Amino acid sequence: MKISVIGGGSAYTPGLAEGLIAIHEEVPFKELCLMDIDEPKLETVGKIVKRVIAAQLPDVKVTTTTQRLDAIRGSAYVLCQIRVGGLPGRVLDEQIPLKHQVIGQETVGAGGIAMALRTIPVMLDIAADVSQHAPDAWIINYSNPSGMVAAALARHSDVKAVSICDVPIGIQEFVARAIGVNRKKVKLDYVGLNHLGWFRKIYVDGRNIMSMIRSMAATSNIAPLLPTDDEKTADEIEMAVRIFKQIGIIPSPYLQYYYLNRECLEKQLAADKTRGQVVQDIERELLEHFDQVAGDDAAELWKSRGGQWHSELMVSIISAIHNDKGEEFAVNVINNGCVPGMPDDACVEVPCIVDNRGARPLRVDRPEPDMLGLMQLVSACENLTVEAAVEGSYDKALRALNLNPLVPSLEVARQILDEYCTAHGNYMKLT
Amino acid sequence: MKISVIGGGSAYTPGLAEGLIAIHEEVPFKELCLMDIDEPKLETVGKIVKRVIAAQLPDVKVTTTTQRLDAIRGSAYVLCQIRVGGLPGRVLDEQIPLKHQVIGQETVGAGGIAMALRTIPVMLDIAADVSQHAPDAWIINYSNPSGMVAAALARHSDVKAVSICDVPIGIQEFVARAIGVNRKKVKLDYVGLNHLGWFRKIYVDGRNIMSMIRSMAATSNIAPLLPTDDEKTADEIEMAVRIFKQIGIIPSPYLQYYYLNRECLEKQLAADKTRGQVVQDIERELLEHFDQVAGDDAAELWKSRGGQWHSELMVSIISAIHNDKGEEFAVNVINNGCVPGMPDDACVEVPCIVDNRGARPLRVDRPEPDMLGLMQLVSACENLTVEAAVEGSYDKALRALNLNPLVPSLEVARQILDEYCTAHGNYMKLT
Amino acid sequence: MKISVIGGGSAYTPGLAEGLIAIHEEVPFKELCLMDIDEPKLETVGKIVKRVIAAQLPDVKVTTTTQRLDAIRGSAYVLCQIRVGGLPGRVLDEQIPLKHQVIGQETVGAGGIAMALRTIPVMLDIAADVSQHAPDAWIINYSNPSGMVAAALARHSDVKAVSICDVPIGIQEFVARAIGVNRKKVKLDYVGLNHLGWFRKIYVDGRNIMSMIRSMAATSNIAPLLPTDDEKTADEIEMAVRIFKQIGIIPSPYLQYYYLNRECLEKQLAADKTRGQVVQDIERELLEHFDQVAGDDAAELWKSRGGQWHSELMVSIISAIHNDKGEEFAVNVINNGCVPGMPDDACVEVPCIVDNRGARPLRVDRPEPDMLGLMQLVSACENLTVEAAVEGSYDKALRALNLNPLVPSLEVARQILDEYCTAHGNYMKLT
Amino acid sequence: MKISVIGGGSAYTPGLAEGLIAIHEEVPFKELCLMDIDEPKLETVGKIVKRVIAAQLPDVKVTTTTQRLDAIRGSAYVLCQIRVGGLPGRVLDEQIPLKHQVIGQETVGAGGIAMALRTIPVMLDIAADVSQHAPDAWIINYSNPSGMVAAALARHSDVKAVSICDVPIGIQEFVARAIGVNRKKVKLDYVGLNHLGWFRKIYVDGRNIMSMIRSMAATSNIAPLLPTDDEKTADEIEMAVRIFKQIGIIPSPYLQYYYLNRECLEKQLAADKTRGQVVQDIERELLEHFDQVAGDDAAELWKSRGGQWHSELMVSIISAIHNDKGEEFAVNVINNGCVPGMPDDACVEVPCIVDNRGARPLRVDRPEPDMLGLMQLVSACENLTVEAAVEGSYDKALRALNLNPLVPSLEVARQILDEYCTAHGNYMKLT
């Protein structure tokens, strides 16, 4: 059995490889194929992954390729973690809105729309290849913006796909840590769109412990319970706690851009670098480290860049499918009734049962009116973006940008879109 | 931990006790309390159950009572298998329509409406008692008509309840037997209302094997693969196969009354006894047997009346809740989106995940138009019946009867309803 | 301006011509073109219509043709009143179900499905011709089954069409007569499908007079207030009053087949002739009379066959469009929200505002659950029938027949369908 | 027949009186009763109205009162044009958000929410009085925010009410003027919420002339065709044309706050006075003028303050009801299906047929996704506001404010809400 990773040159891949090793008994793959169009990164990461796998699973073959079809052919699982235009593209996504005093963020607002416009056509190409050359394979997609990618795959391809995000599993972990139990004991009543969700109830041993968490947040401070040396995570926790104290339910960290738009914008405008630029620095450092340890078997491998949940989620999903487990994960699916009050054609992120039939959504409770209102608007914005990406439509992209609540005017939307088209060139062709 | 059984004098109860014994490690109950208003039956059945439990679980206490509150107080699980008016009431439900050349069936058509009109008020009384005296207890309801009871409980009480039917687990077992695999390997794409459902796809090892089953039905005959010495089951299989050959998906056996209404009616009119009368005979014989073996420890206990799946389903549900398993069962729930195309207020029978939060429905695929059309009509009929039962409304009961597709005219509906009211007396008071 | 009549050889046409004369000032047509494939009837009716028009509108040209395109070209309004297979086809539609003890009726139940299967392909051909050769023309359709034809035209053509039925205007007239006011003063709260509707409230001068009508029905008898020498009308009134007394709202006369199915069936089985055979006799007599008076200018013209409301409705619709009146009529439209509780894709018959934009539906109040349940089932049946007609699908036709509440079994449905296919030959080709 | 005006001391009232005079033949009222709690304004306006009516309808009695019940008793029509807290309250609604760099507008955004919180409780009191003391009377509501008032009346009272806004009739007039036809010849395909609507198509003589209007906007400039000496109107036209050129359909002028939020905000921050302050000046001047001319019969009356369409719309609605006309107007109604894609419980502003049954909505075409998305969010915001007003709920008011797309953050929302509560005192009590 072969597993391939599209975008395999990512600095996340060594961490993913460790996850795959951990579940090898459950998912006995024989080959791990890394595919990337960035040859230097692929070479660096490939070396590390080969070293890591060889140490623990000597019978498993690790291959690398720049040819997508070589990776896809024969695969049972095709893991997608692509970033079209790379980190330089991400930095443009962030910087251009900021020039107009508009939130510049990778997956949310104007930046998320731009990322979707670049990513969706490529993901549909990958899906077409899978459909033709490995029709029984599962695509496990982690490429952002994961919700819009899921919508595009569901509407414009016939592949078997599961499109995920590690925010829910991350919150589960945070809560588990804060109250001192194992993550698997923490059960979530989660609902939303990708990067726009709420944790309404938290169950431990069949009891909703949300009022306990609220007391913790009121009397002391939750943040100290969640020590982190990652500045971004610390900041996210602080913003999430600010929102939580006001609304009493746990927000996805990305909701800060909606609930505290002005405050986020001020912070971004005051920062020296965008998050993308920070990540560029981290990645450069990490790749250098990989180059070093790859050549020195004795050297210890750094904990790979973030993504411990990313890796855990990816491999858990594969195992749930492979072993027909019927386990519950938050997955992005076309609504069609599972979130009461949302239009049928919305792509929602909800608890799903994952087994060898794929991800079947559970019907969740109707969200509160303000949650629904925001979801409805952003869902309309996402659906317009998906159509814009598929059709290459400038008009629909503009309407999506204008509708987005983080974009303050139609005329500003037009300026941002025009600058995106110029800056991204061939990655973003709209007419 | 205490488990109580309302309607514990049923001949099904010994079988249920055997099931409870089998899962005692998972669900370590300390007391089993049987409650019934029929003292003679309660005494007979109670003796047998005591003998059966004592043999295997000497530390478990078995109690009997005619006082509902005594049973409910202290219970963690309240199992309901009541039959208001007893088997004589069932026989009336069947005979009165037949006098008018209308299907006379326990849970379907006119008979099902009559049964609901008697059962729902009592079930709501039980729920009120549970709500007041054992608010943390789960009601596991098996009383028919299970779907309408579920709707009544969901709308008119605040208890935690799971309302089930053993048809889906029975079909799973039949398919497993026909193709020679373990029941748990057979996975169902099931959708419908209670006693009005379809098995659209059957998965084994992740493959839909429906076309294989269709071939089996076309070339040979499935029936011989399903040997049974139960005449009713044999007849159900024959009718189900006749329908299956025409529509290509597996019907609930009760769908014969809709798909082959005329043929079923002719059979019923030609029969010497209604099914209720046959069951009265079986029960009499069985209770006599119980009386005998209860007094003679050496005597072997007959396989208790039918219900092997009933027992297995009941105890599996209890274990799934108790152990927070997240297992999949077909349960009756208010639709609210989980069956696309059905009104939100329909009570549907669909795959649900059962854990200590109760039964959360999975969203299923949209049924075909003819399935939807029949479900919509019968659901409207059921909702009217529930309202009629709750309000004691003659007018709504009449409208429900008239709407039912098995009742051929408003004037016939009125005659049947009037005769029901007279015959059932205090069990069915409408104004 | 040219008006053409497809099916112009109908015995209804002279009455229609009288209606057109009456509104000539509002709708100043210059040519009336009658098209029919039945040459003898066309010749007979054409002569009468020419005589009638010449007497009052000497400047208007009356033409006849057997070539559909000749009629359509240049038309502003194309009136459709076709009957595919003629009255002999209707008699088959009625007789074949009756052989199986199933209601045999022109537009309802099995017969209505058969009629739709023959009519829809021809109506779509007509629509294609109009679309190509007279794209600005309005189709005013009166061909039955009017609701299914409306659904087919809405989904499978791009013509401007208004599909109507004279039942609502007829009830309006009956009520007006019964209480002694002008028809236009009677306003209806009507909802339903074509030939399956209810008059829930009747307003006169802004007051709902339904309780007054109920009192009239209770104390005396409405029927005598509605004298008629037409046996069919008398019978319809009697059945409608029987139903009205039970449900308290006025049913469409065709609802008798649903509310009093058994009673209607007994009547049909006892009758010497089907309604179609009676109509054949009437038509024969009428055409002979037409032949006589056409040759004798002094002879008085009989009141043409029924259809005074048909004529009045047809010409009122034309005038409402032509003069942009914004008048209210019951028209068949795709639901899409206007009847709360009905699926979006149902074709419903509801009050619409008719002006030169066509027929825009008013949103009506949610029907009672039993009304909704019946409408939902029959709508599913109709949608399957339309698909069967468009695709020539035997399977879908069978599923439609089986779903219909007037057909008692899948196996009977198959027998009836097979006999229809054989009897109708080229008019009904299904595979 | 008596017509009463709640808020009759408004400077709009003389214009309304002129409108009532113009339709006196159609709506032969005998008494016009002006009620207001502001005695000085009531006296001034009352004198003018008495003079105006006496001159033309000497038999009509004009009365004034500060007692609401005196006005309501005996009325056939109760016209409501209240402003709770008066113009000083409006100025607060505008100024407080502006202090936080947030749009300060009477009916939109934070200001609209504040206005609704004050207005709804009073309107429900009025409705309760009408329900008790004049149950057959119609409330014609023009009090803003008209959509939220309509929602509150529909959900929390049983009065017959029609809640309107003069934006649609104003656009109709503008278009009529721009293309040189009579207003009644211009027909609108309008959809939206109150103060958030779009004119998608404009029909003249059955043709959609939107592409012609687009050409006019593209080649020359529409604005010069719409000369106005009113600075606010000129500004609205300019902003609407800017939006129209980008989206190709005509926006409600209030959509500028959504489509050009940033630009509007900059303009408001740069202005010396808010619109409310400007209106205070206008009103002061107008009331002085009224005082003068009231005492001098020879003096000519100024055209009363704006509102020529307001007056025309009010009296047209009254006449449509009174004479059972079935005329088409845009009215605010609970959606329940008439705008496909919108939730059933949204209050939408759509074309309705107005007759003596009240306002029945036409079902309109599904809005484009971006229109729907914005409507869905703002509708959720409005529904929360209505609930907040009815329950006096601080939490719901805060959630409404936070959800509003013109409010940039939850923390800013809280500050604005707190300042509103302090400033409005008894007019806005939330807990």
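The first chain written gets the first letter, and so on, giving A, B, C and D; residue counts start at 1 in each chain.
To be clear about the criterion, a contact is a pair of C-beta atoms (placed from the backbone, for glycine too) under 8 Å apart; a residue touches a chain by one contact, two chains touch by 3 or more.
Quick caveat: nothing in here was measured; it's all calculated off a predicted structure.
Colleague: More contacting C-beta pairs: C-D or A-D?
Modeller: Most contacts of the two pairs: A-D.
Colleague: How far is the middle of subunit B from the middle of subunit D, if each middle is the mean of its Cα atoms, in Å?
Modeller: From the centre of subunit B to the centre of subunit D is 57 Å.
Colleague: Between subunit C and subunit D, what's the gap in Å when you average each chain's C-alpha atoms?
Modeller: The separation of the two C-alpha centroids amounts to 44 Å.
Colleague: Could you list which residues of subunit D touch at least two other chains?
Modeller: Expected reply: no residues.
Colleague: Throw together a list of every chain pair that touches.
Modeller: Between chains, contact exists in these pairs: A-B, A-D, B-C, C-D.
Colleague: What does subunit B use to touch subunit A in their complex?
Modeller: 187, 203, 205-206, 324, 326-328, 336-340, 344, 353, 355-357, 360-363, 366
Colleague: Per the contact definition, I'd like the list of subunit D residues that touch subunit A in the complex.
Modeller: 242-243, 246-247, 259-263, 341, 343, 368-370, 372-374, 376-381, 383-384, 398-400, 402-403, 405, 408-412, 414
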